[in-house]
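Have a look at this one before I ask anything.
Chains: A, B, C and D, in written order; residue numbering restarts at 1 for each.
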Amino acid sequence: MGEFCMPSLGADMEAGTLVEWMVKPGDRVRRGDIIATVETQKGLFEVENYENGVVQELLVQAGTEVPVGTVLARLSSEGMAPPAAPSVPGPAVAVAVPAATEPAVKPAPEVPPLPPVSAPKRVPISPSARKLAAELGVELGAIRGGGPHGAIERADVERAAQEKKAAVQAPGPPAAEKPHPVDYQSGMRQAIAAAMSRSNREIPHYYLETTIDMSAALRFLEGENLKRSIKDRILPAVLLLKAVARALAQTPELNGFWIDNRHQVQESVNLGFAISLRQGGLIAPAIHNVDLLSLDELMAATRDLITRTRSGHLRSSEMTDATITVTNLGDLGVDTVYGVIYPPQVALVGFGRISERPWAENGMLGVRRVVTATLSADHRATDGHRGSLFLEALNRHLQNPEQL
Amino acid sequence: MNGEEQKVRTTYREAVREGIREALKKDERVFLMGEDVGHYGGCYATSKGFLQEFGPERIRDTPMSELAFTGAGIGAAMGGMRPIVEIMTVNFSLLALDQILNNAATLLHMSGGLFNVPLVIRMATGAGRQLAAQHAHSLEGWYAHIPGIRVLAPATCEDARGMLWTALEDPDPVLIFENQTLYPMEGELSVSAGAVDIEHARVQREGRDVSIITYSASLYKALAAAETLAAEGVSAEVIDLRTLRPLDDATILASVARTHRALIVDEGWRSGSLAAEISARIMEQAFYELDAPVERVCSAEVPMPYARHMEQAALPQAETIVAAVKRMVHANG
Amino acid sequence: MKKKLPHSTADREHGLRLLQQMLLIRRFEEKCAELYTATKIRGFLHLYIGEEAVSVGVMATLAPDDAVVATYREHGQALARGVSPGALMAEMYGKQEGCCRGRGGSMHIFDAATRFYGGNAIVGGGLPLVIGLALADKMQGRRRVCCCFFGDGAVAEGAFHESMNIAALWQLPVLFVCENNLYAMGTRINLAQSVTDLASKVSGYAVKSEAVDGMDVLAVEAAAKQAAEFVRQGKGPYFLECRTYRFRAHSMFDAELYRPKEEVEEWKKRDPIVLLCDYLRKEEILSDADLERSENEAAREVEAAVAFAEAGTFEPVEELTRFVYSDRRTG
Amino acid sequence: MTDAQLKEMVFRGLRQIAPEADPTLLLPDENIRGALDVDSYDFLQFLIAISEETGVEIPEADYQKVFTLAGLFAYLSAALAKKPS
């Protein structure tokens, strides 16, 4: 079933008004036929069809303005003998551009208000003089500024230091204590603290756990990676991310938010990928539309995201768009992770270490490389049965890695 | 003689001419192209006698088509030559700015690294000869804004003689600006003078109280100002930038860290000038070394007038430099 | 009215190859239009549909080490010159597997192997470049043709007049190919040129010139062969005006308010591909099976190009400043 | 590539992925990833850097052999000895 969408006719075209349909339901259309006219700020355009088929349904009447990508009509391809030249199976015309609905408004995490600053009378002082005063342990209040508008300059500080030394004759100036390093983490630490405590306060967590045999998945991955140069090698974590995205198709209610006591399931699958920062602290920016990405695209997106996270170049959308978070502590040798959900999301998937463990199967005992996958979920939005369906689907996808 | 290098008297013009001549002799891919470079011997006589010595193939007079012969220089460079394009003055280079910006500076990056443009373009620049507004621009700062090209401003005979060869060896386009008032300037060159580095600025005069940062013809006004200030107990350091892109931040910042004051002298107009860029970099990277705001002495923001007294009033002068430094240093009352 | 075509005898393979090249360009450009509406290709996109005979006819007469400089409507030149469709499509997808790592896009296609010195988005911007390339060849004693494609719009630019004069003055080996498609974006030629017969217009520069029917690939090829030979023998520049027409808008976002639909339909009757097919059928060179094979071949190449582009990857942002200066130099 | 160059290259690569750690303190048979708190992503970047410098692409199956400095050096010198210089 093909979809005919409002085409983008120019780099700066946001929307178009459908002026007139040139076809009606039941009409046969071929590649290259003009099936509608569209009005944009640049003028009237004849819009070309790209898929052979039969018009099933016109979804938008003449005269309405819709954003680029909106589905205008449905075409079916049955009843059409394939043309002599095979129709080029180029990408489906209808790109599933997520309808530009208003993203649900997410309340900003509370940040404690800044304490009011009492404003002492500001003494103008040159930066160099301020630094020198600190080095020489000279009190700024004690210096008379000789610069413009009474500004304090190096000369003033040097003179004050001389006077102080002469007056006190104390043994050597006091050692300037080492300025304590500013803890740049404090901002991030506060934000994490606020989110986590709100999560525990408001979200009734339930936890589910399952152990997944990773042999098939890892064998597949090792095979795939041998075909690729090391630069394009795919990490096991990427396989797990893709499996989570695919499993969510079975239980879409785990992919979304709980806001104003309403469960808001999201259509696009944006996985929050927990990345640890070397100096401590953790950020879980979103990888968008993981369900639409191939393994190679997902690996590239992950690599780009980690690099930009570590260099502090994240986009605001990546900080707020995650619809579910995945935390993978496999590197640190932890078997099981019972994670805390990032509000307002309604679920969090955790993966522990991939390790060799004894495995019993149809009466035989063997050794398999396994991983423990856990689901923390918000009991207001889903219940254990749906959670276990998700984990079961996750396991099934990892047993058929080729389809990921 | 304590084995000190044997020196010879010369002029800036002669040094430029020798630089071109040496390049033409050392590499047969090198050729000179521009208006009146051949039969006329060069508008500033920097290629006098070359037509006879090297012939019309390598000393090419061009029609008055700055855009086309500059573009031809770019094409020839891509075709394996090492052209020296002479645009008579920066004032006429505005016609060729499209080729310089959209082709020369951009091709390597836009083609994903496929094509280099090993081209040198020389232009006269600056005011001071009563040539009035259309022939007295100082637009090096514009070109120093463009990623993909290098911009040089030789102030001394040594640099006028030695920068060209290093520029010709550079795989990327290099622009060399020669202030027209410098051509008759006398100076000394060692007999074995040759190629010089084009990456670093140079401290021309050491000092403790202020760093005067400048380039090209303004260098000599700054040195004159420094002498006057010395007599009044103010020790001024003078830095010759030599390269306007990339700027040698290290030398600039090291100097400011010593003197805690910076004055930039730039013949361009103040707004959006190269001086503005240098001032911003000092504020960004040496803020805690500053004991006074960074000052700038630039040309007055007027079209350059013809009358001599008016033109001199518009241009940076040693006196204005001295006044600015005094303000910064004696601000202490 | 029987279309009169020059009777130069194209042998069977040569005729089919010309057809194959034109078909590839036509299907490639149609796919670009589709991908643009699906937001896979962005920015500006100028399609070559209708002018295929010019690039295919001229490229057939150029040698591998001749140089080519073109404009922003250069997909036809690039494909006819041998740039891989995959590298071209990936470039428009902004992927680093593109011919310029995704940095140039549709208007700035470059290729070192085929000495394709680019698309150029400044009207007339390539003309000074080509005379420089020709000057380098001449000074180094190489017998090569430097071929430059440009439109009737460029004829109004200063760069054109300055370049024509220098090319004639210094007798440079330049083949100027003017694709006169009657419109400079939205300005018809009679509203832009005092003399619209461009071939005769350039006689003022003492440059050998000729006009040819730009819809007839065999005519273009014959004229281009003669022109290229003239230039290769060092007899100086040659100006070949190809009178052609573009069937699609100037670019993707152009409502074509400036030209009547009837005029477009009239020119479509002389579609260069249809003209060649009619001729080859009349000469019993082309069978229906040949045409179908050719269509399938074109479809396969376009499909492969799209797949290559889809599978491409994005250049890491860390490479942003690479190639601003040469790696050897950047400190 | 001499042993000294190999050592210098490996340490440079380790400093790249663990800037604040000091790789020279690593014992020959200590687990690099554990000691320097290096996750699988960073370890892959490290191997990519090594492959760019030496041309040796270490397959996943051999990861076990290169978790320690001693193992890594032995593996690389063996691989380099086999490769035609």
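In this section, a residue touches a chain if its C-beta (ideal position, glycine included) is under 8 Å from a C-beta of that chain, and two chains touch if they have at least 3 such contacts.
Since the structure is predicted, the reported quantities are computational estimates derived from the model, not experimental observations.
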item	value
Any chain in contact with chain A as well as chain D	none
Chain pair, A-C or A-B, that carries the greater number of C-beta contacts	A-C
Chain A-chain C separation of Cα centroids, rounded to whole Å	43
Geometric centre distance via CA averages, chain B-chain A, whole Å	49
Rounded Å distance, chain B centre to chain C centre (Cα mean)	41
Whole-Å gap separating chain C and chain D, where each centre is the average of the chain's CA atoms	51
Interface hub residues of chain D, defined as touching at least two other chains	none
Where chain A touches two or more other chains at once, by residue number	303
Interface hub residues of chain C, defined as touching at least two other chains	none
Interchain contacts (touch definition) - all pairs	A-B, A-C, A-D, B-C
Chain C-touching residues of chain A, taken from the complex the two chains share	7-13, 32, 40, 42-45, 47-48, 50, 68-69, 84-86, 88-91, 93, 95, 97, 232, 294, 296-297, 300, 303-304, 307-308, 313
Chain B partner contacts - residues on chain A that touch it in the complex	126-131, 146-148, 153-155
Chain A residues within the chain D interface of the complex	221-222, 225-226, 229-231, 233, 235-237, 276, 278-279, 302-303, 306, 330-331, 333
Complex contact set, residues of chain B against chain A	260, 287-292, 331-333
Touching residues on chain C, where the partner in the complex is chain B	67, 96, 98-104, 108, 110-112, 117-118, 120-122, 125, 127-137, 139-140, 158-159, 162-163, 165-166, 169-170, 322-329, 331
